[in-house]
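For reference, chains read A, B, C and D in written order, and residue numbers begin at 1 within each chain.
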Amino acid sequence: MRQISYAQAGSEALVEELRRDPKTLVLSTDAAPALVEEFGDQRIRATPIAEGAVTGMAIGAAGSGYRPIVNWRIVTFSFVAMDQIVNQASKIHYMFGGQAKFPLVFRATVGGGGKLAAQHSQSPYSMFMNLAGLKIILPSTPYDMKGLMKSAIRDDNPVISFESSRLMGFKGDVPEEEYTLPIGKADVKREGSDITIVAIAWLVHEALAAAETLAKEGVSVEVVDPRSLFPLDAETIRTSVRKTGRLLIADEAGPTAGASAEIAALTAEDADTFACLKAPIKRVCALQVPVPYSPVLEDHVFPDRDKIAAGVRAVLG
Amino acid sequence: MRQISYAQAGSEALVEELRRDPKTLVLSTDAAPALVEEFGDQRIRATPIAEGAVTGMAIGAAGSGYRPIVNWRIVTFSFVAMDQIVNQASKIHYMFGGQAKFPLVFRATVGGGGKLAAQHSQSPYSMFMNLAGLKIILPSTPYDMKGLMKSAIRDDNPVISFESSRLMGFKGDVPEEEYTLPIGKADVKREGSDITIVAIAWLVHEALAAAETLAKEGVSVEVVDPRSLFPLDAETIRTSVRKTGRLLIADEAGPTAGASAEIAALTAEDADTFACLKAPIKRVCALQVPVPYSPVLEDHVFPDRDKIAAGVRAVLG
Amino acid sequence: MQPIIIVRLRDKAEQAVHHIVGKSGHHLGNMRMQPSPNNQIEMLRQMQTIRRFEERASDDFHAGDIYGVVHCYIGEEAVAVGVCSALERDDRITSTHRGHGHCIAKGADLNRMMAELYGRETGYCKGKGGSMHIADFSIGMLGANGIVAGGIPIVTGAGLAAQLDGNGGVAVSFFGDGASNAGPFHESINIAAKWKLPMLYICENNLHSANTPASKTLALEDVAARAAGYGIPGVIVDGNDVMAVHDAATIAVARARAGEGPTLIECKTYRQSGHTERLEAYEHRTSEEIDLWKKKDPITQFANNLIQREGQLSEADWKQMDDEILQAIQASVDFAKASPFPKPESALDDIFAQ
Amino acid sequence: MQPIIIVRLRDKAEQAVHHIVGKSGHHLGNMRMQPSPNNQIEMLRQMQTIRRFEERASDDFHAGDIYGVVHCYIGEEAVAVGVCSALERDDRITSTHRGHGHCIAKGADLNRMMAELYGRETGYCKGKGGSMHIADFSIGMLGANGIVAGGIPIVTGAGLAAQLDGNGGVAVSFFGDGASNAGPFHESINIAAKWKLPMLYICENNLHSANTPASKTLALEDVAARAAGYGIPGVIVDGNDVMAVHDAATIAVARARAGEGPTLIECKTYRQSGHTERLEAYEHRTSEEIDLWKKKDPITQFANNLIQREGQLSEADWKQMDDEILQAIQASVDFAKASPFPKPESALDDIFAQ
């Protein structure tokens, strides 16, 4: 099968959906010339640096029959739009009794590794999980990216597409033919029997690498990729943990009230799964600090395959 | 001992600290006349409705030698200031290598019960827990409010003081003499042996009421009040759970990636505590929906003493 | 570019003429625009309907039948009605926390409004929204909003949609003097001006935001002066004169439909009621100021005008109209009371569109 | 109120005179303000130091010694130096993502700056900040900032502090044309104007924001026109003429120190380098435009001026000055390279002040 990058998979999905539905439009502080050329500057709009207003405008356009895709670019910039996200987008369908649809996609890159320091290296997706009314995808492969992005654009609700900066150049199989993937369905990226690693985005690959190393030590690791964080596929995660009896969660975000905390909680609160737990749950996350600039510091802060492998060994005792 | 309300306790702390330190100042869209009268309109400033700029101004004034207290009023309005909170306040001390201090207090009410619908009934504190660099208090009694608020104002770091709307009129003992309480220390509000309830703010009182009911059924409940959410006093919580072997978390926020998830995770990941756990962890939280207006709907969404008691019975099997 | 003031005067034949003058006083032109007598009577009816609706909402709030918070628009009715009477049904608006007036002026159903305030299943939002969140997308009412300035970007997006639709639709943002100091005002108007979106930005300058006077928050007294920074017209109009508002809106709507972009219209008006119907911590406005503005009541003025000057209405007609309105309001309360509360479990519906 | 333009011309005696004219062309007055020859030479030195610092930072970024991202200020040096030369050490500023120029002009130490770019323990932020986050609170440099418009409210808070201190201090906000479309610009200026804070708002209008031309984002070409909405002076100045910038800033500083409130100064300038030193997806600006502005290079212009017209500098002096600067830059690189990286565990320090 042909291989394309994670970034290309996102772009392909976007372009195909722009072709498919004339009601789609793209708002971003930076309008990609190729998109403007194909779809014109009415549908592909370079906006002023006013992500707050632009996000609100997307809500209004969605409520008026369009399907806007807002590219916030780095998640950093979503915070100037937070009122529109928290107080409007995530509540507007509900608050008005379901009378109108708000088909919206917000795109944002997350994660570190770029030596861009605290503001530009964040992974704050759990802040958005706590809102009801917003779906959240965070794919780890080009295949998942394309399939989920298409579903996000077709969804009649606000969907945030978080995209891992570290994976932009990562290549993988993506079929030529059209497909979509359901939002809310986790994917078992590797089967195993001794421990479940629930890993998010870039850490899926680190977990798979750790699993290879651990296999040589006789440890059989199952790697589960939630793929979407809201809805979060508790059932697939719990089923895996019931099988392996152990859970490690790997996330590029800090642990505190993170997606990792939610995954731990939904495992520990399920009676059947709890009954199968043979060891404490372990979180291998970023340290709970703003991300520092200097490479030695940044490397120290983030989790990676080695820290995951060490974590697995600790859980297995 | 004299009794004053939760709201009064907060005001008393504020007034005392304003008197104590001439570098303190208050910024809010609504300047309380009594404060203006005592401290003048230079230190007590009514601002335009521009919480984003006002929050940023507080950061700049703090970095220039002042100790601003920003009253966002309802937490709803903090979201227009989110860039300044997430990208600036929580990172600025670290990002600049610790060269300057930013003594700041942000006040905001949280919680529902007022039939104010989705925007004005939020409990989104976990969104702020995920940031490093911000302390968070959320007291449940007038005594805790006063002691923690004074510590918050004296702290050399940004502190968010979340305050429960439902408790504003709640009265309790507050000594006349000066005292402070450490930020980051949980309080065991009731001792018991069968189950630990970690309850937040208003739900401390609901948990205590549930504990009374359950006591009559022969169940001995321990109620732990974290009082501050960052730092979160994991040790006190774990110690309690090691004693009781069971954990229920009661929170007015929705569960997903909430403070409740973090409390569950930090319990389930601690080997000693995990070893003592006799039953799955249970979260008794708001339903994961935007808060609806109509009383029948609102009541359905929030947890209360009955739901807590039922939860305890379920955990005890 | 200076703000333009539209002053409504009478010519010798006692006909209403608008004099358009620059803020510094020089005369820019005259204008004579009169909606038909029928329309004017309809406008009066709407204004009085808003007034009676809110008087009742206030009573029923105090009686405990309406929950949470209610913000009354009493004294500002000329703005909503003056503007909405210049719109078509398909044109879109957003409103504020003080939203009943805009809903009624845009044509919302009183029964469903009152039922929403009563928290009933038959309300506009099935009881999920309440006073601060009434919307009716079928008539282009895209929602009240509990966030000051929160609706400005949203309706600017409706303006973008109208531009893309290419059918000559316009979108109207209602907001307060307080909101004009918030970032979304600036960001939205700049974008609308740059993209020439078919928009009206209607600032309801009622001289106060909650408990803070505008004199403490607006760097300049006239919000309309800000238009100069975006190269769009900034108009000041007597917000208690419904015809003046109507005419200013009509010009701006024509401009918007013609693809010439947005207009900022500042309506100088006053809220006769308290900030909310709850017991506020304090009222900072003097009773002299409130009384002064009560004398300039927009409904009394307009009704007197139609009766005395235009001769379009008799005292008896006016009385009868008011009776009809009171009946309609009573009917809406009856409807609300007869409607069931939503089922508790329905709190879990409508989180996502299917 | 129209924006004021300050045009720097020569009188018959070939002395620099500033003509202050309204945007529509009418003459408002003249002004003659000349820093001493020494100060002018010092200003030239600062401008060239910024230039050389960034040329080196760019090289070392491409060599892999500097990480992340570097935004160069090349071509805009006259703004930072023109403004900061009108300030005292205790006056406070905030900067943007493009912050090296403001740091150097405010008096930051080159060694600690370069060490920060190199991610070393001796850097201004102990390696935690990098290019986008250099600050030196001891000289009133309250930080570069990775958020467009993020620094505007922060420094407005420093202006509030200065007002409360009552010592005549001022605070200066540097920001781009792009930032002027963002909410914090509007909110901050409105507050500063209302409270008469001692502030300068310096818009560095380099005609582009990242890959978007200002002509696509600014509703009006002149950001200074927005001042009218707040009742404060809006000044337009040639941002490539350091003396013109200096003089405009000097007037505004005097105004601020006198308690008369903020001034908005728009400096028309140009970034000769790319948006960042990384490989950008595309460069949308034409090479004609870039070349045109290179011909108006602020340093070449100013040096030539001092050499040819003012006779304050010889070609040899200038060559020697540049050599000294290059040596200082090399010394800063040597310092950075000789400095250790921070200890990995120090990532856990400085989360909270003790």
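Note that in this section a contact is a pair of C-beta atoms (placed from the backbone, for glycine too) under 8 Å apart; a residue touches a chain by one contact, two chains touch by 3 or more.
Fair warning: this is a prediction, and the values are worked out from it, not measured in the lab.
Asks: So if I look at the partners of subunit A and the partners of subunit D, which chains show up in both lists?
Replies: Chains in contact with subunit A as well as subunit D: B, C.
Asks: Considering B-D alongside B-C, which chain pair is linked by more C-beta pairs in contact?
Replies: Result: the pair with more contacts is B-D.
Asks: With centres defined as the mean C-alpha position, give me the subunit A-subunit C separation in Å.
Replies: 42
Asks: If you average the CA atoms of subunit C and of subunit D, how far apart do the two points sit, in angstrom?
Replies: Computed from C-alpha means, the inter-chain centre distance equals 44 Å.
Asks: Residues touching two or more other chains, restricted to subunit A: which are they?
Replies: Residues 47-48, 50, 52-53, 76, 80, 83, 87, 94-95, 117-119, 132-133, 289-290, 292.
Asks: Going by the contact rule already set, what residues in subunit D reach two or more other chains?
Replies: Those would be 125, 127-129, 133, 145-147, 181-184, 187, 190-191, 194, 216-218, 351.
Asks: Among line, ring, star, complete and other, which one matches the pattern of chain touches?
Replies: Contact pattern: complete, every chain touching every other.
Asks: Quick check: in the complex, which residue numbers of subunit B touch subunit C?
Replies: Subunit B reaches subunit C through residues 29-33, 46-50, 52-53, 76-77, 80, 114-120, 287, 289-290, 292-301.
Asks: Quick check: in the complex, which residue numbers of subunit D touch subunit B?
Replies: 92, 94, 123-129, 133, 135-138, 142-143, 145-147, 150, 152-162, 164-165, 171, 183-184, 187-188, 190-191, 194-195, 349-354
Asks: For subunit B, which residues are in contact with subunit D within the complex?
Replies: 25, 42-43, 45, 47-48, 50, 52-66, 68, 83-84, 87-88, 92-102, 132-133, 135, 156-157
Asks: What residues on subunit C touch subunit D, complex-wise?
Replies: Its residues touching subunit D are 181-187, 189-191, 193-194, 216-220, 225-232.
Asks: Across the complex, what residues on subunit A touch subunit B?
Replies: So the residues of subunit A touching subunit B come out as 52, 76, 79-80, 82-83, 85-87, 90-91, 94-95, 117-119, 122, 124, 126-127, 129-133, 230, 232, 253-262, 264-265, 267-271, 273-275, 277, 279-283, 288-290, 292.
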